[in-house]
Structure formats: C-alpha cells, structure tokens
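Per-chain residue numbering starts at 1, and chain names A, B, C and D are given in the order in which the chains are listed.
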Amino acid sequence: MVISLRKARTIIRKALEKGREMELKPLSVVVLDAGGHVIAFEREDGAAPGRFAIAHGKAYGSVMLGMAGTAQMQRAEGQAYFMAAVNGVYGGQVVPVPGGVLVRDRKGAVIGAVGVTGDTSDNDAQAALVGIEGAGLVGEI
Amino acid sequence: MVISLRKARTIIRKALEKGREMELKPLSVVVLDAGGHVIAFEREDGAAPGRFAIAHGKAYGSVMLGMAGTAQMQRAEGQAYFMAAVNGVYGGQVVPVPGGVLVRDRKGAVIGAVGVTGDTSDNDAQAALVGIEGAGLVGEI
Amino acid sequence: MVISLRKARTIIRKALEKGREMELKPLSVVVLDAGGHVIAFEREDGAAPGRFAIAHGKAYGSVMLGMAGTAQMQRAEGQAYFMAAVNGVYGGQVVPVPGGVLVRDRKGAVIGAVGVTGDTSDNDAQAALVGIEGAGLVGEI
Amino acid sequence: MVISLRKARTIIRKALEKGREMELKPLSVVVLDAGGHVIAFEREDGAAPGRFAIAHGKAYGSVMLGMAGTAQMQRAEGQAYFMAAVNGVYGGQVVPVPGGVLVRDRKGAVIGAVGVTGDTSDNDAQAALVGIEGAGLVGEI
C-alpha cells in the first residue's frame, strides 16, 4: 500500500485544520513515501521560510530509521553521539524530535511519514496524528 | 506582495489540471517564495520518487538568479562552465532548463518561482505558466 | 509489489553467472528498492575496490528519475549540463550510463533497479537484464 | 589474506541465521574489506530502508580507525568531541557503537569489518561475531 497524492492532501488539510482549532502557530506539513521521498508539502502563511527543512528532517529520520520522533528523541537524549552519527550517514537530514510521525497501513507496515513543525514539538505531533487518522491511516508518534 | 498558500495551491492545482488536459506524464510542481523557500509541493501518483529535487532545482535557480529556465538554458548552452560554477555557489541546487518559471506581481517584481517536472521541459513550462496565470499572476518562462 | 531479499539474491546470482558465462571481467551488482535504497550488493573477487559506488550510481539514477541507464546516457550526450545538474540535486550519486536497469512488476510499475559494473557498459546491462529476468521480473535497460 | 566474496556470503548468511535463532528484529549486514570498501550487503525484508548507511557506518569506522564498535563507543562516551571530529575527517561516515566488528586473520591482522544493525547494538554485535566465526575468521567486537 502506498500513500496516494489524494491521501497526502487529506493528511495535510486535516493537520492544518487541527492546528487552527488548537490555535497553534502557523504550521508546515510534509508527507513522505516509504522511501523517504516527498509526496506533498504545505507551509502556512506567516511561518518562517526555513520550515520545509525542519518538517522534512522530522519525517525523513522517521522513515529511514523506522523510528518515530519520540523514540528518536529518547535515543538522542540517552546517547547524543549516536544520533549525531546517524545524522552524518544521512547527510544531516535528520531532526530527531516529536512531530516526525510514522504512517502505517492496517497490517502495520511503514508506508511513509509525516513531519509537522511550527509550534511545540508535542503540538506538532498531535496535529500530524490527527491528519494521518483523518485519512484513515495509523500514525505512530 | 507575497504568494499566499492559497495562491500556491491554486497554481499547483491548475498546473496539474493542464497536465491532465494535455495528457502529459505524471507531473510534480513546487512553488517557492521570493527567498527561494518552499511554500507548497505536490507529486502526482506514478511520478518517479526523485521528482521533488528536480522541480525544486528548476524553481530555485530561477529565483536565485532572477532568470527563468529558458534563459538559464541558453546561458548553459553558450557557457556551460558558468552554470556549473553557479551550481557550485548554490550547493548544486540549480537545474537550468525550462520548467523553472518566474512569478511576478503586476508591477513586475519577482515574488517567487514555480518548478514543474515530469514531461518534456517545454511541456513542463507550459503547465507551470497556466498554473501561474490561473492564480491571477504573471509568469516568465 | 516489492523486491524481496530472496529475489534480490536471485538477481545477483544470475547476473554473476551470466558474467562468468560471457567471460566478463569481475562484476559488482547492486539491487535497490523503489525508493533507491540498497537491498543487496555483491562484488566479485578481483574487482576494483570502488565498485559499490559505481553500481549504486547506475541504479540510483535509474530509480530516482524513473529512467534507465541507456535513456540517461542519451540525455547526457544531448544535454550534458542537464545531467550534471541532476547529479547536483542528487548529491553526486548518479552515473548515467548503461548498466543501470529499471525493474518493473508485471503491471509496469517501477519496483526498483539493478546496477552492474565491471565490464563494458553494454555487457554490464546485459548481465543485469539476465539477472532480473531470471528472478521472474521485467527489466528495462 | 583477504575476505573473499564466498567468505563474505558465509558471514552474512550465518549472521542472519543467528538473528532468526535469537528472534531479533530484521537485520542488515555489510562486509567491508581492509580498505573499508563494500564486498557484500544484505537487508532482510521488513528492515527500515535506511539500514545500509547504519551498517556501513559501524563497519567503516571500525576499519578506518582499526578500533571495533565497543571501543569506539567508549571513546565517544569519554570524549564526544573526538569522535565528532573523527566523523568530520571521514565525511560523516562513522557510527561509533557496537555492531561494528573487526575481522582479523589468524595472525591478528585486520582484513576487514562487519557491520550489523536492526536490533539492540549488543545483539547486532553478537550476530556479527557469530557470522565471522562461522566463516572461520576471528572477530573483535
């Protein structure tokens, strides 16, 4: 199973709606496929210009390691040099904090990841999760 | 004047509609702001996974140089080492062919760029232009 | 459909057998998935140490662009600066010559690529194709 | 003495068998030669896509420094900036944790390294060691 562009749009729309409902700062949302490649991205008006790279880094590390943002953060806090080294081998493309959320199909296979940035990491993750579930998929924060 | 997320969505939607109307291969479309930063991106189902980087490279060079894809291509054909050097200073992020289209406001100021990839470079540029004009903006191929 | 490790081993084994049958120089063979990530690789005894990167570059460009080695070579010969720019956006990871072979499932979808290096580009491509077909898959040189 | 492709295959096969026997998560195994160059690699079905880079980073640092993963980890824990600097000079290619295992011939000379990733670092190292010994070679965790 793959994330279609239609599903990716739904994820983004519902994550942004959740952000507005929670009155979060402007959000940016990226959806990656199972190989870590961008399907779709949107940055809300008023967000800082560099938000693509942050959203991407949260989602990219999740896909490449098969480990969502919360687990990456725990590893980074316990063994900082390991996540630094991981970032080296992935070309500096990993941002190991919540807001990187794995997307699984109904059998549990990873089919991609969503990265949200703009508010606190926990709020970012919450918006991502709502977007994923709104598209009928399963998220892992 | 800036390209709002709403305008960026319109550009992408209309460019993709044009691609379907022309029966082009699956397209990928990115919209960058006046600083060369991503506002929105979509990759159609069936497109190759690496299309974000190509679309981005077409639009990024356009914004950074203030020169659309056609002009960049002419420069690359006449003076290949110059465009190679430009790519050096921009970290290899420039793809100097049609499909990178400047977006101007009604006074002529560059407010961003659109990058389209997937079909021939000329068809990519045509879809981008239709998208930009469909959002009430002026494009320069 | 994905290329399983079992299928990848078959591709490599049969490509290497073909190389020995054709009395080619020592070959190196990589199999990538649909996201351009390594599933399996083998370098025959006597091959030069740097062969992983060449095999990988042939297969990686094929997956990322959705364009096999022969088509990439034609584009590079007709528009050298374009393939140079493509290499920039893909971090210098593309080797645009035959020996990068797309793998398609029976419906025509790209599910990965094989990269072979060691002999002439045409012989490399031939060995790759035999390996892919030996695993019951369809190759595009 | 060099690690032949035949020996490398044995190392990988026996490491993966050990992983299945210990009921570990899907493993990825790379075998490098005495120059730090890839001889063979396999990624089990179900492993995350980015596992090549992690396996490679564990083995690469081992060969380049002549220091196995456990010793690298001790150095990283005692002097983090040193391992960060080492990663700078090696292009970010070093992952200094267990699972990078030196391979020695019977006289004690380093002839390559094995990198395993997928489960805990200690289990990764255990599987690597069993693979190396199964090929009649001596491993240093």
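The rule is short, and it goes like this: a residue touches a chain if its C-beta (ideal position, glycine included) is under 8 Å from a C-beta of that chain, and two chains touch if they have at least 3 such contacts.
Here the structure is a predicted model, which means the values were calculated and not measured.
Asks: Quick check: more C-beta contact pairs in C-D or A-D?
Replies: Greater number of contacting C-beta pairs: A-D.
Asks: Calculate how many whole Å lie between the centre of chain C and the centre of chain D, each centre taken as the average of the chain's C-alpha atoms.
Replies: Their C-alpha centroids are separated by 25 Å.
Asks: Using mean CA coordinates as chain centres, what's the chain A-chain C distance in Å?
Replies: Using C-alpha averages as centres, the distance is 31 Å.
Asks: Return the distance between the CA-based centres of chain A and chain D, expressed in whole Å.
Replies: The separation of the two C-alpha centroids amounts to 30 Å.
Asks: Please list all residues of chain C that touch 2 or more other chains.
Replies: Chain C, residues with two or more chain partners: 33-37, 91.
Asks: Which word fits how the chains touch one another: line, ring, star, complete or other?
Replies: Its topology fits none of the listed shapes; call it other.
Asks: Tell me, which parts of chain D touch chain A in their complex?
Replies: 47-50, 53-54, 56-57, 76-77, 80, 83-84, 87, 91-97
Asks: Which residues of chain C touch chain A once you look at their complex with the stated criterion?
Replies: 33-37, 91
Asks: Quick check: in the complex, which residue numbers of chain D touch chain C?
Replies: Going by the criterion above, the answer is residues 2, 4-5, 8-9, 33, 35, 37-45, 49-50, 52.
Asks: What residues of chain A sit close enough to touch chain D in their complex?
Replies: 34-36, 63-67, 79-82, 84-92, 110
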